[in-house]
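A, B and C are the chain letters, set down in written order, and residue numbers restart from 1 in every chain.
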Amino acid sequence: MALRLGSIVDALGGELHGNPDVQIENIAPLETASNASLSFLSNPKYQQQLAASQAACVIVGQTMQEAALARGACIVAAQPYLYFAKVTQLWKRQHAAAGGVGVHPSAVVDAAAFVDPSASIGALCVVERGARIGAGTVLKSRVTVGEGCIVGERCILHSGVVLGADGFGFAPHDGTWEKIEQLGAVRIGNDVEIGANTCIDRGALQDTIIEDGVKLDNLIQIGHNVRIGQHTAMAGCVGVAGSTVIGAHCTFGGAAMVLGHLTIADHVHISSASMVSRSIRRPGHYTGFFPIDDNAVWEKNAATLKQLYSLRERLKALEKKIKP
Amino acid sequence: MALRLGSIVDALGGELHGNPDVQIENIAPLETASNASLSFLSNPKYQQQLAASQAACVIVGQTMQEAALARGACIVAAQPYLYFAKVTQLWKRQHAAAGGVGVHPSAVVDAAAFVDPSASIGALCVVERGARIGAGTVLKSRVTVGEGCIVGERCILHSGVVLGADGFGFAPHDGTWEKIEQLGAVRIGNDVEIGANTCIDRGALQDTIIEDGVKLDNLIQIGHNVRIGQHTAMAGCVGVAGSTVIGAHCTFGGAAMVLGHLTIADHVHISSASMVSRSIRRPGHYTGFFPIDDNAVWEKNAATLKQLYSLRERLKALEKKIKP
Amino acid sequence: MALRLGSIVDALGGELHGNPDVQIENIAPLETASNASLSFLSNPKYQQQLAASQAACVIVGQTMQEAALARGACIVAAQPYLYFAKVTQLWKRQHAAAGGVGVHPSAVVDAAAFVDPSASIGALCVVERGARIGAGTVLKSRVTVGEGCIVGERCILHSGVVLGADGFGFAPHDGTWEKIEQLGAVRIGNDVEIGANTCIDRGALQDTIIEDGVKLDNLIQIGHNVRIGQHTAMAGCVGVAGSTVIGAHCTFGGAAMVLGHLTIADHVHISSASMVSRSIRRPGHYTGFFPIDDNAVWEKNAATLKQLYSLRERLKALEKKIKP
């Protein structure tokens, strides 16, 4: 399990200052790097950690080259964090088991499903009638791709993902709920990654759509008829209710929730644990959660919050009295 | 994939105004309907979309009949949204693959479990010892029904559902946790639908109970000993902690959370992302989430919120000064 | 399905006041106990329920002995709730099916994984290359233990658990996301319990670590590189973002969320639905959620909250005017 420094720059470019024959045994953060580690400095504010690091070699940007050389070997790259990402990919290619292309014998793939020969379907997956899995796509273990759902190329679906369960649609009827059959499917673009146990429901009449390059973390719920624009990323435990349309290049912090039938513009960033209860038409950073505090302090403030409107009225009344 | 208008009213009733031989190729919302679509108008406020729709035929209520006829064919029904739901069911019956009744060969059903011959157990499901699956019930792929758990008739359990994992019960013991074995099971009534990857824990001593007609969306957590009353519906990502009793005909918006050992009356409606921290004894609509805002504005307001109680005290003091 | 009172004290100790030959048919809370039930009183404030209970025998502490004897048979134990936990364990040992040690034939265990002979791997589990499952550990049905992940001894992993999905790591690159391969694994200590459909991601460079005695409920998300200290317990739907370090003996209420790269001290208790957005250095009880209210009241207060900062400024201005 090692990589020559020289073979890294041969594969990925960048400018190596140091001995190309040094063997790297792992990739590590600056603080925990040993003298057999390759490390990286992506943010100049951690320069102090650079000086102190034991790393055999550090990936740095142009501006940090001098500081890095003062310490030892370095690879200079235009975007050091991106370069680090590519090193992890190189590492994985060199050290991982040959990626098992093909369908694991324990998977249940319907005869009327299409799986590209270069795709990989993991153990105990289910691919139903009419589903299509594109080239280079990987389904880890225990993934369900429901009837008629389409997954593009080079996607990764982690264990437990469910694509194409019924959307949550019912017509009220004398105090009971009449099921609205969900006749649409799910369409996933290319280069999409979907985290463990995340669920994306099929559309009611049309399809639920996840565009190219979207990244979804674990335990996310995407309701029926939702559309998520290209390269939008969502952290774990996010929920998006039905028929909401989300733009491209958005980010959602963990456990953010989005109500149904809303429109979110491109380049919108939602903080963790925030509840999006209205459409957002302009790019920007939006937040809404109750700040955490000592429980005793919170209790006093939360109790007062229940009278906030009346406090405002009292303040207004005072202002009136004082004004003249 | 088509349905004659005449065959729809033959099956479902309603009054067709138009040519019964017209073939419907899909069901679509008013805006996206083509001249081969059947559409519906359930809310009179969308009347403008009715006039502009290309739909071959529109399902409407009595009061919209005139407006609908001015545009073209229509089916008049007492409850157009309910009628639409029934059309989706008819559509599915006509077009879906013959529902595979029986146990998929890849499912693991214990010899000491009972599965009604008219039930359907999907691929890679697990049905443990002593579990019972009622008539007409469908388990999609990769569902677990744990030991001794009972599912009624005509239920749908979507992929990844786990019924009967141990409730979360421990006795504290010198800084560690001693497991309380969970000796109850889960009992699900009739006509219950449970969404993908939703979990319902077995009771500690008695059973966790989901009554008839309850509808649960995806990724919901129902703790041990909970009881949920008839026809209550919960959207995705809801959590209900142990021993809480929820009434009938309630609705819970997505990601609502309910503490344990509470009682919620019938006909209570909880908004999305709201935290139910106390029992609710009266029907009504309840809400509690922090309103979202531009991050910069939120930061100022959230910081001020931490002094809210003292602001109230200062206001009181001012009022005292001014009073006399 | 019965246990002699005498056999309970023989196995677990405690002081029986009553006939050892009485047969107990179930364990039940005081209110619902029948005259064949064993019950328990762990909190003296429920003493009234003790007097009214039909239970054949009640587990009590020293201080309640007299009150219990006035009613009938009792077992006196130093810690009655702990004793009750042990009775549930005894009950389960006596009545449950012989715990199926070994690997269920439907499970997919890689030839290069290690499963201790005393461990139990349930139906349709996946244990990947290089994973290790310790002595006495139980994987219920449909659990995935990913490549290289290590699970200690006497752990319980409930159905649907995913250990070792990729952490959520990407480097931004011209508006797209470049995958950072996740080269670490997951390490689970001894005596850890993990609830249904909970996900613990593998680390980016090093391992994600769950220490001995940690108890995690259902549908929890633990991000990459997280470390959770000994005997910490988390209720359902909690999320912990990447690289956060949580101390020992903490508790997290349901749906609490923790941002990434934080440090939480030992003995910190977070209320349900609270968002931990900063490191917490001192033991204590912390809370942050919006109190629930009638929707109409909430609407007025939430609207006012958006002007809270300016209200404070207006109050300040008034105070200045009044002061002199």
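In this text, a contact is a pair of C-beta atoms (placed from the backbone, for glycine too) under 8 Å apart; a residue touches a chain by one contact, two chains touch by 3 or more.
Remember, predicted model here, so these are calculated numbers, not experimental data.
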Same or different residue numbers at the subunit A/subunit B copy interface, by half rule: different
Superposition rotation for subunit B onto subunit C, Cα-based, multiple of 5°: 120
Distance from the mean Cα position of subunit B to that of subunit A, given in whole angstrom: 26
Interface hub residues of subunit C, defined as touching at least two other chains: 124, 142, 160, 197, 219, 237, 255, 289-291, 293, 303, 305, 307-308, 311, 315, 318, 322
Parts of subunit A lying in touch with subunit B, wherever the complex brings them together: 108, 124, 126, 128-129, 142, 144, 146-147, 160, 162, 165-166, 168-173, 175-183, 197, 199, 201, 204-206, 219, 221, 223, 237, 239, 241, 255, 257, 259, 270-271, 274-278, 284-291, 293, 297, 300-301, 303-305, 307-308, 311, 314-315, 318, 321-322
Residues of subunit A touching subunit C in the complex: 26-29, 32, 79, 81-82, 84-86, 88-89, 91-92, 97, 104, 106, 122-124, 140-142, 156, 158-160, 191, 193, 195-197, 213, 215, 217-219, 231, 233, 235-237, 249, 253-255, 272-273, 289-296, 298-299, 302-303, 305-309, 311-312, 315, 318-319, 322
